[in-house]
Amino acid sequence: MKNEMPDLQQSADTRNIPIDKVGVKDIHYPIVVMDRSQEKQHTVARINMYVDLPHHFKGTHMSRFVEILNQYRGEIDRNMGEILEQMKRRLEASSAHIEMEFPYFIEKEAPVSKAKGLMEYSCRLHGQLDENDQTDFVLGVSVPVTSLCPCSREISSRGAHNQRSEVRVDIRMESFIWIEDLIMWIEQCGSSPVYSLLKREDEKAVTELAYDNPMFVEDIVRAVTEKLSKIDEISWFRVECENFESIHNHSAYAMLER
Amino acid sequence: MKNEMPDLQQSADTRNIPIDKVGVKDIHYPIVVMDRSQEKQHTVARINMYVDLPHHFKGTHMSRFVEILNQYRGEIDRNMGEILEQMKRRLEASSAHIEMEFPYFIEKEAPVSKAKGLMEYSCRLHGQLDENDQTDFVLGVSVPVTSLCPCSREISSRGAHNQRSEVRVDIRMESFIWIEDLIMWIEQCGSSPVYSLLKREDEKAVTELAYDNPMFVEDIVRAVTEKLSKIDEISWFRVECENFESIHNHSAYAMLER
Amino acid sequence: MKNEMPDLQQSADTRNIPIDKVGVKDIHYPIVVMDRSQEKQHTVARINMYVDLPHHFKGTHMSRFVEILNQYRGEIDRNMGEILEQMKRRLEASSAHIEMEFPYFIEKEAPVSKAKGLMEYSCRLHGQLDENDQTDFVLGVSVPVTSLCPCSREISSRGAHNQRSEVRVDIRMESFIWIEDLIMWIEQCGSSPVYSLLKREDEKAVTELAYDNPMFVEDIVRAVTEKLSKIDEISWFRVECENFESIHNHSAYAMLER
Amino acid sequence: MKNEMPDLQQSADTRNIPIDKVGVKDIHYPIVVMDRSQEKQHTVARINMYVDLPHHFKGTHMSRFVEILNQYRGEIDRNMGEILEQMKRRLEASSAHIEMEFPYFIEKEAPVSKAKGLMEYSCRLHGQLDENDQTDFVLGVSVPVTSLCPCSREISSRGAHNQRSEVRVDIRMESFIWIEDLIMWIEQCGSSPVYSLLKREDEKAVTELAYDNPMFVEDIVRAVTEKLSKIDEISWFRVECENFESIHNHSAYAMLER
């Protein structure tokens, strides 16, 4: 029955227009990612999978993307190279792309009380396999920090405005880097890290730390740049910082790419 | 031609199940709202329109909602009562609901330099006409303010964490109240108002004002409650405050209804 | 050190304004929920926790919410009653609320090929413990289905417009109901269920099923109403359906509560 | 007073790290854009403004962005070149960027009844002025259309699944193009256009049009490519199409850049 059905996607297309990316987008999927302290971490990803489409095919076979994904039962991160190869082969394509985004949790101790809490970081992993079988992987993390305005502190006779900021970093690696390390490097670059659980003595400590360590949005991207430039395993990075200003209803923003 | 087409929506339904609300949702629409200083303000709304459906009808006529909306060329706020009546009549319903949400802009002077900037406030207007032809209107505004933590200020030897907060207030009115007044009352209830344009001398002023005026999320909803309780034109209100904590990646929240 | 710090939250408040809900909002947290076929399922929730605040307290202790949450290591669903009790006791409150929202995955077979794919359903669980120690739990699910327009089918000489719809159902239960059952009941109420993986023979089957089974948004909420009214374990429900119309850029919507 | 305040932003930075973009993000602002039929259209934009920051400055002056914006009273589109020049000059930068996104409304007639309704299209306008004073402008529109699956139609004995799709197109222009024209070209490339108001006779027409005109996501990006390739005024474009599949809970997607 199935074989008798026409396969429109395989039919010829005469418009002579190859397509850069075609595939499935916004698949929600439970995954298991590598975790330095617990070995494995269960989380939920939003996944996009694309291949290129040569000009002579009318369409790609969308269900095959989902079949390939299902084979790996959520262990995407460590199998990304293999998945990309399967995508190229089974979809008769010359390039393949996979993009995933997921929350990642790290247990973090409060600075004084040492009370433990879970912090969530939004992570991204993009993989690409091109027509020459070269792979390209980009790892991204979004790290919340506190920023305290140097100008406000300098000109005010008491206090200083501060706010939550989000630092978004994407990197290409020469060799393996733990998400935990990347996040830790970035957290040190704000006025203070952010925590999920703080007791009173911790709140005092982070308030004073931020006050002693004022940083513009520009200072944060420069501090991250200085830090990541020294990490040999990182061959390329882009850093963005967005301050959700406490005195405005808009954000301050800075970005640089190296 | 048209009249020969069957009208399935009008056909009988025998399941004996009346429906509370049926209609159109998420219509984006340019509107003109009343503005105290400029008379009229152009903005863009997201609109929902519903009626009830008696058990004996199979369906409502969705296109009539859009036709009714189009008659008023975006002057929805001052015609809401009439629109609700039309909805009941033309859709043969016993109750009608309209919900709209739109950004509203007010020119605001910085506290010291008097530099002018436009502040955006998200507003809501919900109207209902029931089976007894009683109307019910609820006006809502979301007002960003700065909040500075009293605990952090008290226990820290320098500084105090602060952040952007959003105060959401919904009211029922005995008589007309300008959006501008409602927003102004609410803005006075945070540690400091928020501005779109601040020069250095203003930044000093708002920093010090917030420091001198520390408020928990609980203090803000209580301050709004005290303020609104004294306004005779207001017969009911609900106030919510959410602090986008600068030391956490989650919010502090409080709500009360009177 | 800690004990010498002033506890501002415990200090007296003289404004005589009790607060309905105060607490923490939008905590992202990895959880483990009950799963009928696999016993346990790992997922990630967004959690809100609130208590009421008597008029004589200045503030609540926000960190205690997170401490209570951490005690249960993500096993929230089966411990919700106990968590609510702890919240009341440790925060000296007379009522407590917990709200969680999480994606839930079910393996589902395609209708003809029997190919297996994971479907995601957004779920909600709200619990409340009131001043009389009465609990109230509401379970909610969002279920995507296909809807095919009866009017379009009737009046057109070929085809019929159809689209993805979202059916949102919230229920109160007399006795335990599996999420899997609730979802299955709802999926039978659209023109066709939705799948993550369909081979060509399946695509033919769901296309024809939807065409043979046309339903307005009103029909879907009525079908769900008929179905759930027969389930003895359900004491209350609200059903909403939103059709993301393929011929409009807005939605058709219906809601009823029983 | 103001002049005595230290200007920290102007102070020297010795880390030798220039920043690609620094500025303000997510300013909501009422604007007036050019409209072919009505001359002017009032709408509301979300605006980002950035400049580069030479390595020797500690920070940029965020308030100046807002001051520049305010000078133009919302007439941003026709003054973008001048705004970019002002940004470079007043912020002592070598490059400047402005990004705005706004809903744009066009009155559109239903295909048979000629009933008029307002359609909303999300638009984007990005401008850049580089270190050599070269400008670069990109105009983007998001256009909803109906897509009807050719495979589903071919293999099914009745009906065919269809859904709302979003076509996103960004272009660089050699000479001026009206947003209205760009949208019209794109709308012709789906299985059927989408309308805000359709009477029964129109619903029949669009249902049959879509059925007679089945298109994969790949067909839509190719049809847009064929169309835009013939427009001399367009020197570059990127086209994306996302189908919010009615038989899945994820999207089909295609993209190409020329």
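Lettered A, B, C and D in written order, each chain numbered from 1.
By our rule, a residue touches a chain if its C-beta (ideal position, glycine included) is under 8 Å from a C-beta of that chain, and two chains touch if they have at least 3 such contacts.
Treat the numbers as computed from the prediction; the structure is a model and nothing was measured.
J.: Name the chain whose C-alpha centroid is most distant from the C-alpha centroid of chain A.
T.: Chain centre farthest from chain A's centre: B.
J.: Of the chain pairs A-B and A-C, which one is connected by the greater count of C-beta contacts?
T.: More C-beta contacts join the chains of A-B.
J.: Measuring from the mean C-alpha position of chain A to the mean C-alpha position of chain D, what distance in angstrom results?
T.: 25
J.: How many angstrom between the C-alpha centroids of chain B and chain A?
T.: Distance between chain centres: 34 Å.
J.: Round to the nearest whole Å and give the separation of the Cα centres of chain A and chain C.
T.: 27
J.: Find every residue in chain B that makes contact with two or more other chains and list them.
T.: 5, 27-28, 120, 151, 155, 196, 198, 200, 204, 249-250
J.: Chain adjacency by touch: line, ring, star, complete or other shape?
T.: complete
J.: Please name which positions on chain D make contact with chain B in the complex.
T.: Those residues of chain D that touch chain B are 1-2, 5, 7, 27-30, 41-44, 63, 66-67, 70, 103, 105, 113, 115-118, 120, 196-201, 204.
J.: Would you mind writing out the residues of chain C in touch with chain D in their complex?
T.: For chain C paired with chain D, touching residues are 119-120, 144, 146, 148-149, 151-153, 155-164, 192, 194-196, 198, 200, 203-204, 206-208, 210-212, 244-250.
J.: How about chain C: which of its residues touch chain B in the complex?
T.: Interface residues on chain C, with respect to chain B: 5-6, 8-9, 13, 15, 17-28, 48, 50, 53, 58-60, 62, 150-151, 154-155, 216-219, 221-222, 225-226, 242, 249-257.
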